[in-house]
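This is the structure, below, for whatever I ask next.
Here the chain labels run A, B, C and D in written order, and each chain numbers its own residues starting at 1.
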Amino acid sequence: MKSELLRKDLESKSIIKVCGAFDAMSAKLVEYHGFDAIWAGSFAISATHAVPDASILTMTEFFDAASNMAETCKIPIIADCDTGYGGPSNVSHLVKKYENAGIAAICIEDKTFPKQNSLLENGQNDLISEKDFVAKIIAAKEAKQDQNFMVIARIEALISGAGMDEALKRATAYENAGADAILIHSKKKTPDEVFEFADSWKGNSPVVVIPTTYDTVTLDDLISHKIKMVIHANQTLRAAHASMSRILKQMINSDSLSKVKEEISSMEEIFELQEMYNIKDKEKELEKELKKLGYIN
Amino acid sequence: MKSELLRKDLESKSIIKVCGAFDAMSAKLVEYHGFDAIWAGSFAISATHAVPDASILTMTEFFDAASNMAETCKIPIIADCDTGYGGPSNVSHLVKKYENAGIAAICIEDKTFPKQNSLLENGQNDLISEKDFVAKIIAAKEAKQDQNFMVIARIEALISGAGMDEALKRATAYENAGADAILIHSKKKTPDEVFEFADSWKGNSPVVVIPTTYDTVTLDDLISHKIKMVIHANQTLRAAHASMSRILKQMINSDSLSKVKEEISSMEEIFELQEMYNIKDKEKELEKELKKLGYIN
Amino acid sequence: MKSELLRKDLESKSIIKVCGAFDAMSAKLVEYHGFDAIWAGSFAISATHAVPDASILTMTEFFDAASNMAETCKIPIIADCDTGYGGPSNVSHLVKKYENAGIAAICIEDKTFPKQNSLLENGQNDLISEKDFVAKIIAAKEAKQDQNFMVIARIEALISGAGMDEALKRATAYENAGADAILIHSKKKTPDEVFEFADSWKGNSPVVVIPTTYDTVTLDDLISHKIKMVIHANQTLRAAHASMSRILKQMINSDSLSKVKEEISSMEEIFELQEMYNIKDKEKELEKELKKLGYIN
Amino acid sequence: MKSELLRKDLESKSIIKVCGAFDAMSAKLVEYHGFDAIWAGSFAISATHAVPDASILTMTEFFDAASNMAETCKIPIIADCDTGYGGPSNVSHLVKKYENAGIAAICIEDKTFPKQNSLLENGQNDLISEKDFVAKIIAAKEAKQDQNFMVIARIEALISGAGMDEALKRATAYENAGADAILIHSKKKTPDEVFEFADSWKGNSPVVVIPTTYDTVTLDDLISHKIKMVIHANQTLRAAHASMSRILKQMINSDSLSKVKEEISSMEEIFELQEMYNIKDKEKELEKELKKLGYIN
């Protein structure tokens, strides 16, 4: 079980390194390069569908992306479930669905539905009441069958401007309600407020961060502040976007593919990733079996 | 209508430049950089699902990818439909479905189902009989409502080793049956056999090529051999794969995101692509309307 | 265009008869029996998925059901879109999606998200503010490309207990904002409050009703109160549920299928509905074409 | 595990009674009335999509239907997978997918792809070679992780006219290749050929039948011929079709719903099936929890 794997990693490792993916290929690359888990992020998944990160895609589409990853990868998938796509009943429904699909953890955040991306300038970042979010956490906790399945509560108090005291108060409330980890989100250029939160946090639940804006922070810094999980949420997407933009510009301006300088993977590397050779191997095994049974000489 | 646009481009331009995409984001980037049309290729779409390019994904999944592109882009989508996912009834069903979704053209190939990628070493490339493929083309032609919708017949005779005469014989048969264009596929390192085909071709249907292996060929060469459409089928995918591989290697080995050297797009560039600002603009328009109606002061 | 058909029917007929369906087969039966349009109702679609009618299914699943109906039927589909699945951005997104799929009209209601079925005893029926619902209607109106596409505003004021004055005030506000029709919902055993609404209504938009609870009302009564559309929302579902319950009870208690008394359609009737014979007809046409081309003697 | 349940039932019961369903609601009704397992049949699922039972729907759509049933029901789901949707690679892929979704068994048949319904007059019923079908069974057997997951091999030799000897020869070959049960299909009006098959069968695998055409056969007859599983594949669908046809005819010809005589289930019965009251119960539990935590007085 991948949920058990995630729990064990949280206990045994000083910090867990998680990287974002948006489809099965990017997830498999994250796994191949040695990360501990995969973040199925709604920003990146929305971007690949070319729709705003504003609760436009439905749970069904986010679920399909995360579920494809879970089918393909051996490491745990952590699914970013935005606000939970509704109230406690929706959260209850989604926990069953995600757990059944072999996803190891979900993360829900305490903003109003529909939400907007937390890093958008002038974005809408209203919080729902503590009580209403606690209700969602209780619903999630009651719905899960596998006790290792993790419910991560993401606190948007620092994003919304509600302040540190509110963030800490909510963290305690969410832990009491059954959250298995606390994700404290920040859009500051430095990790100061995240460190302040982590240092002030008296609970037992592990603290999780996404250092998109405070990208100079080091692993040692995070560990020294007892942060247990770091998520590189969107760099794979942004690298893919950048390289495709570069090669497209070159291709449209060039009279021959061979003059394009952007480095691309070989067809064979892609075949490898998609297990094309595996099919050929299985064909050979099948031939052996058919020989044994006398169908082929 | 995008199908009309594709027809007009084929008439007015010396050659049409088409580039492959695998999701709505890559399709939008292809459009943004000035290509004439988008190739929704089954190799690339299979790869992003991390499954072999061997008829493993179903029409439903390929359709969803192409349909997402059509919802997002203004330029025509050409959907790679492999072998047509079955017999004439399946082709008839798919033509209705793709045409309804605003896709401009489909391409079907004359290999047996399930197929394997044409560039795979020792891949299986058996041809179905000319008669059976003609039956699929007739079914496609009868099913389409919009006469501009294009049915591209892809000939695998050079891939399978059946030879030039077979390729030309089939091209004529497919045109007679109602194909709107002929895609001649080749896995040679040089364009020689593709040029031989184009020079020998006496039909009226435009010739289409995918120079993945003979990538030194120039646009002028293609034009001088009366080739009307060139498809760069998989370079966007391979660039994305390469850049994600590079950045993941750096991220896992680095103690801080800021030390990662791979160039990534900014959050703002992604917001732009996914029309995040459009939502903010619409919110402002909505406010104006609500003011007019007296709901806001 | 089916949206044009719906508009014309609304003008030319004294009342439009609409019947509920939940999948393509039930929709086709509704069409076959002579109704003017099909109601793709969220209660029935939720029931066939065996989940509560409480915003548990996502837009994606409701859309798939309505879209399947539109692919299959020639008469207009009216899609029940509950509360619009979020705010104005979600409504804008859904209108584009539904219109592209050839659906003729959508209906959204002024309850809070997530909603509960209006006929559920002690169900939650809180209204959102008039302003917030007006914002959704404006978003819908701006998003539609086909001016015949209809946006039906469903008023839940009588269900929620907000009263007749509120219902009428909202109807006017919704019409001013761009609603093309007003659905006044009621859970009373008699049509009195619906008639009072219709008689008091001074707007130009047609009035729509769903007489599930006041089922003794006659067409003439509705017409005499200038009601333009009546929706039999869930009777097909409830008949299917009842007949399947009866036959299952008989089958489990019988030692032979032939002793089961519940009337069932023949295999041939189902083949007819699913156009199985159409495939055989097309095979014959195909043979003719192949003969013409010399492939068959 | 439902697959274990199915295995145990096969051992302990004289015969297993399976009934067909096509969506989650019909599946739940089958469960409620006491059947041992649910047949997710491709004829019925195709019919509800209003497309021919001729490999027109893809694996994705059949899978979604079966998967919805598995999410909803506690009894085993047996998924009718037609010809396996391609070759051994496709069968391998589908077994992983279905097993992951909690489906207990799949059934594949030895006809060519695309197939046509076996009961269609003049339908196409060509068999693939024994070797090619054996290859699919081997692929299925290798792909399964849960050894209780069942692969049912459906023999179409009696349907296609290949005869009894061929049927028995294939049954032995399929069992040797790893099939867990043998479904012998027949379109005769009497069970004679099915009984002849069962009596001649020397293998250990349980024999399964679908008495659609020979519906006078009794359970005792089947048991006396050592048949271990009987599937009532399509009666729920045909009852639903018949009752909806009746009520639609009455509704279109009546001036009031109350005059319609066709019996329908109450709204409350549907609410019960879709667990609407469960949501209300959970709301109450949630309130209790919120009280405990001090959020409500």
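Throughout what follows, a residue touches a chain if its C-beta (ideal position, glycine included) is under 8 Å from a C-beta of that chain, and two chains touch if they have at least 3 such contacts.
From a predicted model like this one, the values you see are computed outputs, not experimental measurements.
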In this assembly, which chains make contact with chain C and also with chain D?
A, B
Nearest 5 degrees is plenty: how much rotation brings the CA atoms of chain B onto those of chain D?
180
Need the CA-centroid distance for the pair chain A / chain C, whole Å please.
37
By the touch rule stated above, which residues of chain C touch at least two different other chains?
51-52, 54, 89, 279
Based on which chains are in contact, what kind of graph results: line, ring, star, complete or other?
complete
Can you list the chain C residues touching chain A in their complex?
51-52, 54-56, 58-61, 85-87, 89-90, 93, 113-114
Okay, in this complex, where on chain B does chain C touch?
71, 88-89, 92, 96-97, 100-102, 130-131, 134-135, 138-139, 142, 173, 176-177, 279, 282-283, 285-286, 289-290, 293, 295-296
Quick check on the complex: what are the chain D residues that touch chain C?
17, 19, 23-30, 32-35, 43, 46-54, 68, 72, 116-117, 119-120, 122, 211-212, 215-220, 232, 234-249, 251-252, 255-258, 260, 262-267, 269-271, 273-276, 278-280
